[in-house]
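Read through the structure below, which is laid out as structure tokens, and then see the notes.
Going in written order, the chains are labelled A, B, C and D, and every chain counts its residues from 1.
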Amino acid sequence: MDDLYRELIMDHYRSPRHAGLLAPHDISYEDENPLCGDRIHLTLRVDAEGIITAVGWEGDGCAISQAAASLLYEDLVGRPLDYAKNLTAEEVLERVGVALSPVRVKCALLSLKVLKAGAYGLDQNGT
Amino acid sequence: MDDLYRELIMDHYRSPRHAGLLAPHDISYEDENPLCGDRIHLTLRVDAEGIITAVGWEGDGCAISQAAASLLYEDLVGRPLDYAKNLTAEEVLERVGVALSPVRVKCALLSLKVLKAGAYGLDQNGT
Amino acid sequence: MFDAAIRDDFPTLSREVKPGVPLIYLDSAATSQKPNAVIDAMTDYYRRYNSNVHRGIHTLSEEATAGYEGARLKIARFINAPSEAEVIFTRHTTEAINLVAWTWGLENLGPGAVLLSTQMEHHANLVPWQMLAARTGATLRYVPVTPDGMLDQEAYTRLLNEENVRLVAFSHMSNVLGSIQPVKAMVAAAHAAGAVVLVDGAQGVPHLPVDVQALDADFYAFSAHKMLGPTGIGVLYGKRALLEAMPPFMGGGDMIKKVTLEGTTYNELPWKFEAGTPAIAEAIGLGAAVDYLEGLGMQAVHAHEQAITSYALERLAEVPFVEIVGPPTAEQRGGVAAMLVDGVHPHDVSQLLDGYGIAIRAGKHCAHPIHDVLEIQPTARASFYIYTVPEEIDALVEGLYKVKDFFG
Amino acid sequence: MFDAAIRDDFPTLSREVKPGVPLIYLDSAATSQKPNAVIDAMTDYYRRYNSNVHRGIHTLSEEATAGYEGARLKIARFINAPSEAEVIFTRHTTEAINLVAWTWGLENLGPGAVLLSTQMEHHANLVPWQMLAARTGATLRYVPVTPDGMLDQEAYTRLLNEENVRLVAFSHMSNVLGSIQPVKAMVAAAHAAGAVVLVDGAQGVPHLPVDVQALDADFYAFSAHKMLGPTGIGVLYGKRALLEAMPPFMGGGDMIKKVTLEGTTYNELPWKFEAGTPAIAEAIGLGAAVDYLEGLGMQAVHAHEQAITSYALERLAEVPFVEIVGPPTAEQRGGVAAMLVDGVHPHDVSQLLDGYGIAIRAGKHCAHPIHDVLEIQPTARASFYIYTVPEEIDALVEGLYKVKDFFG
């Protein structure tokens, strides 16, 4: 069995945390990696102080892209939007916790790209 | 000493036969090889039957280009223009009589190019 | 099929991906492995007669020129080009196609003209025409694909008749579906409609006997790296009359006859289209690749691929959770099997197979549109060549079961 | 000067041109010889991890991608590019310049605009601008050359002030005259006049420490094969803002983000300009060449060339029937000595020297106009690099006497 697919990754891939879109939501953003078809759609609720109060997402794609999203979105609730804005690629990769080749790094970072775009207010669909 | 520069070649290079342009002439043609600057200017007199009656040329360039011209133009007198039209590259190279690399083949064949263009009536300057 | 001893000619094939795990290379449609004869021809050039070509009057330069131009002759013979003047060295298929777009295309197209590509093209035979259409105002249309992955010939005929088609561009063999097009008939139909034809032969020349005169294509493009040759070189074959009428593509050394500050006279074919110091070592390597393929015989190459592809299609048909895209039988297709693995993303298929030493390719294979058209997901593509043996197909099937097991 | 032991790294240098006649290679300005480290890096790639790059999810493809992109990083560091995104692989200097002409040029020039090249340019930095001027209606002007072979800086200033100059293109070092231009000052003057600057660094990067940020050039082009690297690859450095604003050059795989039948989104830098399967082995070879040059140190490379060029100029000055074109002293020039041999055509000089194993180049060196301008005949050019030793200069001088003797 490949190191990449250790238990934590497969657990998050099989049972993604916060699965399902929120309605209503304050933020909604969707993006894909056109080369391979990985896709993630994220919705957030944010209170008046800019604190994330609820998270919901759905997507499809490879195990790495979906597990990374679940891992990243798992503990957003209670954090300020600024936390999302300041997250770095390194932090996300650390959380995924396995060595990734450049192609797979793109898979893992799609979730971060979507989160940041959402946090910076690129609301695509409105509430 | 290089095989290419055997006595015959050097003799023709040092003492080109039929040196000097004819005035008047019936045919005059000049061309050059722009990559290396080899240049040949040929003039011919031709009688009513199309027989070459006099040859005169001048040029500058490498020993191969000039010797080949001298060798080729040496025995034109008394021959019909058609002879010139039908001459092949192989015949000229045979007359030069040394193995030539592709670059040097171009040197050797400039004289043929000029002769053929002249014979086909590409008179540049008129009589 | 070829004797498995052929594999000894390919050093990479005896490699282990990690200790104890030998490489099973099923990614030849992306790039082929290289036989020693090709590697050695290039090393010999660099070690013994490396030199710039064409204008040098010294031993090394003469040897290098003979090697470079000798390779051109070999290639002309290999594809039965009427003359080596019609064989232009480019960097790859992609550059060959772009060359035609930037020269013939800019010169001959304008609003009202129609360019015909197809839904199954590799981006190399699609994006240049999109760019050209945008630049000239010409219209780009696409020949549709049937559900089993062939070009829709009825629609093709209709498009040729209804539109002012000036150029038709399609691939000899699709790198996703594996389908081989009826090139000769399609060229004849295009010519009857007054169109010029470019064939993307990136997957043609490596796998099939190609006779450009029999096919009658106006342009035919291919890459060395997919046919045992090196990276960094490809070929554009073009009919002389077209090439002579075209303006040059790039300006520089070697493509000129005479340069003055006022203007320039261009060189003869093929050099008119070869500006700058050529890919000398690469041409020599490609020449050695052609020698190697001719040694095998292209009929035999094709027969080997047919056999190995039939075997692969058969074995994969037994795997209930795998679906193959493209034509169902080997006859209409080359050595490519793009697979949809139920419930497992191709990235994961490829990554897990790599753990067993099996190299395949995952994704949309530089042909996004065909995926949209056929409404299919990215695929896991296994592809075969002269050195592929049935045991490797068996290993692939076994590997796929393990992948499926793991993902449950 | 470098220890002559450096020659052991270059297999070609121990070759005999014919039995008993060792090679004396004085044609490095045309192309350099390659050290074992470069040849081996490419052979290793082909024998061990040959694979297509970027999208492959298997061991070989990951190794090949690391090799290819690793080479880009090395080159970015070597020329001090702010980012590797600004380092674009092309086939050679010639393609790099044509790329700028076809993209930036077509986009930004039109009637009324002036392009400024120079009288001393290699055709690679001349013909593309002639073609571009013809296509756009822009005017092409040339900076004149002084009798000792430098660019006329006064005329340059005047042209910049008087004309609507949008692009200035000149070479770091002339391949005929050997003269090295004051790049930094010329770039600053062009910028002050609002022009974009392209530097042809084909003879720059191999011989001089080059810091593209210090020079402040907008574009800087060079070829691997002149700097110990392989044929088939070159580099275009460009400033990010310019590259981002430019349309792509060739369309195809790898240069796109997303392709639909309706249109295409282009990839990020540098890949936006790298359509098709890259020259992977060649990039890896160029990376090894950069390692080798960095091992020596570019200051030391330059010092070696200054020393060997001084020695050559000195020795050749003693030969009464030889005249050297270009600047009289080594300080303003690189390792190139183009000679006029009284009474002997350079073809014959070159051919006879070849008989003694000495490889030089004869002709106009892909720079016709400078010969017309200076009213000089074609020349016999000897050129030097890191492996050139004084004994080779001595052999050249001796050979020239023999040539002269022979021609009487």
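Criterion: a contact is a pair of C-beta atoms (placed from the backbone, for glycine too) under 8 Å apart; a residue touches a chain by one contact, two chains touch by 3 or more.
Predicted model only: the values in this text are computed from it and were never measured.
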Partner chains that chain A and chain D have in common: C
With centres defined as the mean of C-alpha atoms, identify the chain lying farthest from chain A. B
Between A-C and B-C, the pair with more C-beta contacts: A-C
Rounded Å distance, chain B centre to chain C centre (Cα mean): 47
If you average the CA atoms of chain A and of chain C, how far apart do the two points sit, in angstrom? 38
Chain A and chain B: spacing of chain centres that average the CA atoms, whole Å: 80
So, what's the distance in Å between the C-alpha centres of chain D and chain C? 31
Where chain D touches two or more other chains, by residue: 55-57, 258-259, 347, 351, 354, 362-363, 368
Do you know which chain B residues sit against two or more other chains? 34-36, 103-104
Strictly by the criterion at the top, what is the full list of touching chain pairs? A-C, A-D, B-C, B-D, C-D
Can you tell me which positions in chain C touch chain A when the two form their complex? 345-348, 351-352, 354-355, 362-364, 368, 371, 377-378, 406-408
Given the complex, residues on chain B that touch chain C span 34-36, 101-104
Spell out the residues on chain C that touch chain D in their complex, using ranges where they run on. 11-12, 15, 17-18, 23, 25, 27, 30-31, 33-34, 38-39, 42-43, 46-52, 55-61, 91-95, 97-98, 101-102, 119, 122-124, 126-131, 142, 223, 225, 230-233, 247-256, 258-261, 263-264, 275-282, 347, 350-351, 353-354, 358-363, 366, 368-369, 372-373
Which bits of chain D are touching chain A when the two form their complex? 54-57, 62, 65-66, 69, 257-259, 265
Looking at the complex, which residues from chain A come into contact with chain C? 1-2, 4-5, 14, 34-38, 60-65, 103-104, 107
